[in-house]
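Chain nomenclature is as follows: A, B and C, assigned in order of appearance, with residue numbering initiated at 1 for each chain independently.
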Amino acid sequence: MSTPKATDLGGRALDFVMGIVEAPINGFERLMGRKRMPYLFLAPNLILFGIFTFLPIAIAVGYAFTGGTGLFVSERPFVGFDNFRQLLQCEDYFRPGSCRESLFWTAVWNTLWFVGFNVTATLLVALVTALILNRAMAARGFFRAMFFYPVLLSPVVIGLIWKWFLDRNGLLNAFLQMLGVPPEIFLLEVGWSRFFVVVVSVWFHMGFYTLILLAGLQAIPKDLYEAAAIDAASPRRTLLRITLPLLGPNLLVVLILLMIRSVQIFDEAWVLTNGGGPGTANSFIVQYIYQMAFGSDLRLFGLASAASVLMGLVLLALTLIQLRLGRKMES
Amino acid sequence: MGNLKLTSVTKSFGALTVLHDIDLTIDNGKFVVFVGPSGCGKSTLLRIIAGLEDISAGGIEIGGRDVVQLSPAERKIAMVFQSYALYPHMSVRKNLAFGLENLKFKRSEIDTRIAEAARMLAIEPYLERKPRQLSGGQRQRVAIGRAIVRNPDIFLFDEPLSNLDAALRVQTRAEITRLHRQLRTTMIYVTHDQVEAMTMADEIVVLNGGRIEQVGTPLELFDNPRNLFVAGFLGSPRMNMLKGKVTAVGEAAAVIDVGYGVPLKARIDPAAAKVGQAVLVGIRPAHFAIGDSEGLPFVVQYHESLGTETYVYGTLEGRDEQIIVHQAGHFAPERGALLRIMPLPGRVHVFDPDSGLALPRTIEQRSAAHEHA
Amino acid sequence: MSQGLSPIAFLTRTRRPGRIGVTDILSWAWLILGTLAVLIPVVWAGLSSFKPAAEITRFPPTLLPRVAVQQTVPGFDAPLSLWTVDVDGQRREMAMVRRIGLKAQMVDPSNPGPPVSVDVKTISPVQRLTIATENYTDPLTRFDFLTFLQNSVFVTFVATLLTLVVNALAAFALSKYRFRGEKAIFVLIISTLMIPLTVVMVPAYLVVVGVGLVDSLWGIIIPTVASPTGVFLLRQYMLTIPDELIEAARVDAASEFRIFWRIVLPLTAPALAVLAIFSVLWRWNDFLWPLIVLSSRENFTLQVGLNAFQGEFSVQWNYILAMTFLSLAPVTVVFLFLQKYITTGIAGTGMK
């Protein structure tokens, strides 16, 4: 607490500043009337949204139909569906090497595998943790905070911490050596690096989903459990017949949210794997878009935009499903 | 100057019209109460006067000045809200000062006014407290204080006592009345509580369904309700209603038959009544005399004795409508007992059942003599 | 959330007191293992960040940042390392002259006589706990990390301040006024929640170039200021402020803007605090957008700088880890103090 004198001084300074800010705004009110004030208050927000969100959406689609390396639409020739054709032309979609844009398809398949494993693992870990935390636990607050902590860290920090943990001279190898297992350079081995990208992602995000599921669990009316106890239901049956069905809608929303975010994997994987390595084993769609547009000097904005549009459509579909589920949950 | 003139004020929310063509003049210094059932438009009318709501049509003048386009502050009004609406993050002193600061008053003037209002309302000990540290009654007084320091032309009160308990309500009622006598400023007070209306008002405006039903002093409205609505709304318990028929029309009174061979005399204008006309007869519970042999046959169902007075509930023999009879003192009739009740002379109200309007009366209003009693 | 009110409390209640079931053991095992899994990589990186460059690559590693103690011994040119040795049942510190197979030649450092030969299995190095503060000072002074740090602090502070003001103004308009288009504008703002940066990053970059903010800190501040989450959070909170307060202020001759900053803003403080915490975390941790927008080194934020640094100095883990910790420390401190706010805020709004 600051002394009354200090707050008074701060208050007066604030009053002075606001007095200056206020003058033109009050002038506007006198001129235009009270009824128009909400438009003024909304203006900064809407202008920023307009310029940095709606305008980009509007030009994103247009961009996808242009070619060349120019930045502004005026410098870019219209190429129709060429970019999409380039992305989608493939002899066999299951063999990225046979595709015209093999990098894209490598990224697509990497992303799909990642989404599959990451969604399953995160959901399982978060659900088990939430169920355990939902029991009468002495230190629930502590554990909830503990699991949540990584959520707040930056992806770069997480990438670096894990990179060091998995280093040739890192703690994991030291531990394995104690068990007599020869050291391994995990991040330079395709299978291990993919495995650890999932591990790191689960480690990073599970606290967030645990929190949401825990909130859902605690919203289940207590008397249902008491009724089940009176009906002599076993804990197993209580879990399968009461908890999970009632958590169902929540689980679905978490599942979709998890999918939406997993599709967009980039930051922590980029740092952890030194840009998708080894080779292209951990190259994902967002990384593909980033590299086409901004990586080295490619500046293939058209191709990147076309890929963005394709990914945006997938995300939009997922979001609409989520919204529909959300509405169903409310009713 | 705090006189108010509303001309044809109409307010609609989309297709819904909540106020129809309100005409009303309020003289400077009067204590006027807007009363009516919930949803009658009384609060909306107050908010329109305050400038918190726009009107759809019509005119508003305060002190002879057209204020339709003016903001609440420019209208020189102050308002006490139902929830008090004290700024929770400011001390009592800051709450009182806020309006004056906005109007760019000098610090010394602000301090003087706050001191004066605080003394008048006995809230000096709480000036540095936050509203949540005050009791309901104290908050109420701060809310009034916030209005007083503004020194407005008109005070507006929006059901200010509805959040207080019964004892505090009686006390605060008296305080507001005292304040009005002291300040002699126009006050407009909205309530749904007819006791507040009757005890506080110089003038009552009865509203119903977005229309003014009647304007007058409390006793005028009590003695001379213009229609069935006003008759039923004011007075507790409500007025008893009997179906009847005019059997004779005389110079000073008409005779009405309500059955049982008991003719009732009502002082109504002979020009307004016709023999054979169906009417509704209204008699307030307190305006019955209980006799032994003469009067309407009244079968007692039960009674409520309050010690100093008694309400007897029952029906007229063979009928279903409940009749309430008031008696001074303690009175305990048996259930099922048959009493004879007779309306007091000059206390019979007669209404046209179709229009609901009262038939005009002939003689001098008794209330006129009591107005300043 | 009271712990006593857990829905499954009855499960434990039906048991005899003092008896611990299999479920309890498994639960605790899960939680403790989970806690270790969270802590170990972080703590390990933290401990490593204090190790000197020479020590950090030692394998197998030591847990604490320690260095082998060396001492100059008369008669030897190079300093010799000190070891603890058992000689005649007595523990002594001796300097190692050389090592041959399983035997080591040791001398007394203070009184070097002829070397004694001992079994290497019986000796252990003498180490001192040392904290290599140069891991932290060098990047800040010799490399550009002080600049990165300043940039990050500037971006976080300014963006958070603007985020609060701009979104609170919009939320005020959307919660306390009835006006034409109100609903449409609200839906429009909320719908932007559905558009992730990853989808629009190419055209968003074009816009930033177009308005001349590319490679500038303002280019990462301004586009992030208008936040649909922020508008939503603040609006929901402002809806709980009684309208009568606003009307009382209007009767009290306050202008609309004065109502905003004298009445509504102070009463929205709890929601503003939550948004401020989130904004600080978002801006401090931002990576992809700054990576796209910023190109010159003097404009890098800590995250972008860290990423660039680890690419350039991939072997200097002591520096990388120290700077990682520098970036992680404020977040950790914020979390330690505001843990409750953050977790309830997220559970309440489902955002992050």
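The rule is short, and it goes like this: a contact is a pair of C-beta atoms (placed from the backbone, for glycine too) under 8 Å apart; a residue touches a chain by one contact, two chains touch by 3 or more.
Bear in mind that the values here come from a model prediction, so they are computed numbers and not experimental data.
Student: State which chains count as neighbours of chain B and simultaneously of chain C.
Tutor: none
Student: Going by C-alpha centres, which chain is most central here?
Tutor: A
Student: Among the chains, which has its CA centre at the largest distance from chain B's?
Tutor: C
Student: Just curious, how far off is chain B from chain A if you go by their C-alpha centres, in Å?
Tutor: About 62 Å, centre to centre.
Student: Could you please state the distance in Å, as a whole number, between where the Cα atoms of chain A are centred and where those of chain C are centred?
Tutor: Chain centres of chain A and chain C, defined by C-alpha means, are spaced 17 Å apart.
Student: Would you give the residues of chain A that are in contact with at least 2 other chains, written as numbers and ranges?
Tutor: As it turns out, chain A has residues touching two or more other chains at 34.
Student: Two or more other chains in contact with one residue: find those residues in chain B.
Tutor: Where chain B meets two or more other chains at a single residue, that happens at 71.
Student: In chain C, which residues are in touch with two or more of the other chains?
Tutor: Within chain C, the residues that touch at least two other chains are 255, 258.
Student: Using the touch rule from the top, collect the residues of chain C that touch chain B in their complex.
Tutor: Interface residues on the chain C side: 242, 244-245, 247-255, 258, 262-263, 266-267.
Student: Sort out for me which residues of chain C touch chain A in the complex.
Tutor: So the residues of chain C in touch with chain A come to 1, 3-12, 14, 23, 27, 30-31, 34-35, 37-42, 44-45, 48, 56-61, 166-167, 169-170, 172-174, 177, 179, 182, 185, 188-189, 192, 194-196, 198-211, 222-223, 225-226, 231, 255-258, 260-261, 281, 284-288, 291-292, 303, 306-307, 310-311, 317, 320-321, 324, 327-328, 331-332, 334-335, 339-340, 342-343, 346-347, 350, 352.
Student: So in the complex, the part of chain A that touches chain C is made up of which residues?
Tutor: Residue list for chain A touching chain C: 18, 21-22, 25-26, 29, 34-35, 37-39, 41-42, 44-46, 48-49, 51-60, 63, 71-72, 128-129, 132-138, 140-141, 143-157, 160-165, 167-171, 173-174, 177-178, 183, 203, 208, 211-212, 214-215, 217-218, 220, 222, 224-226, 229, 235, 238, 260, 264, 266-267, 270-271, 274, 286, 289-290, 293-294, 301, 304-305, 308-309, 311-312, 315-316, 319.
Student: Sort out for me which residues of chain B touch chain C in the complex.
Tutor: Listed in rising order, the residues are 47, 50-52, 71-73, 77-79, 81-83, 85-89, 98-99, 102-103, 146, 150.
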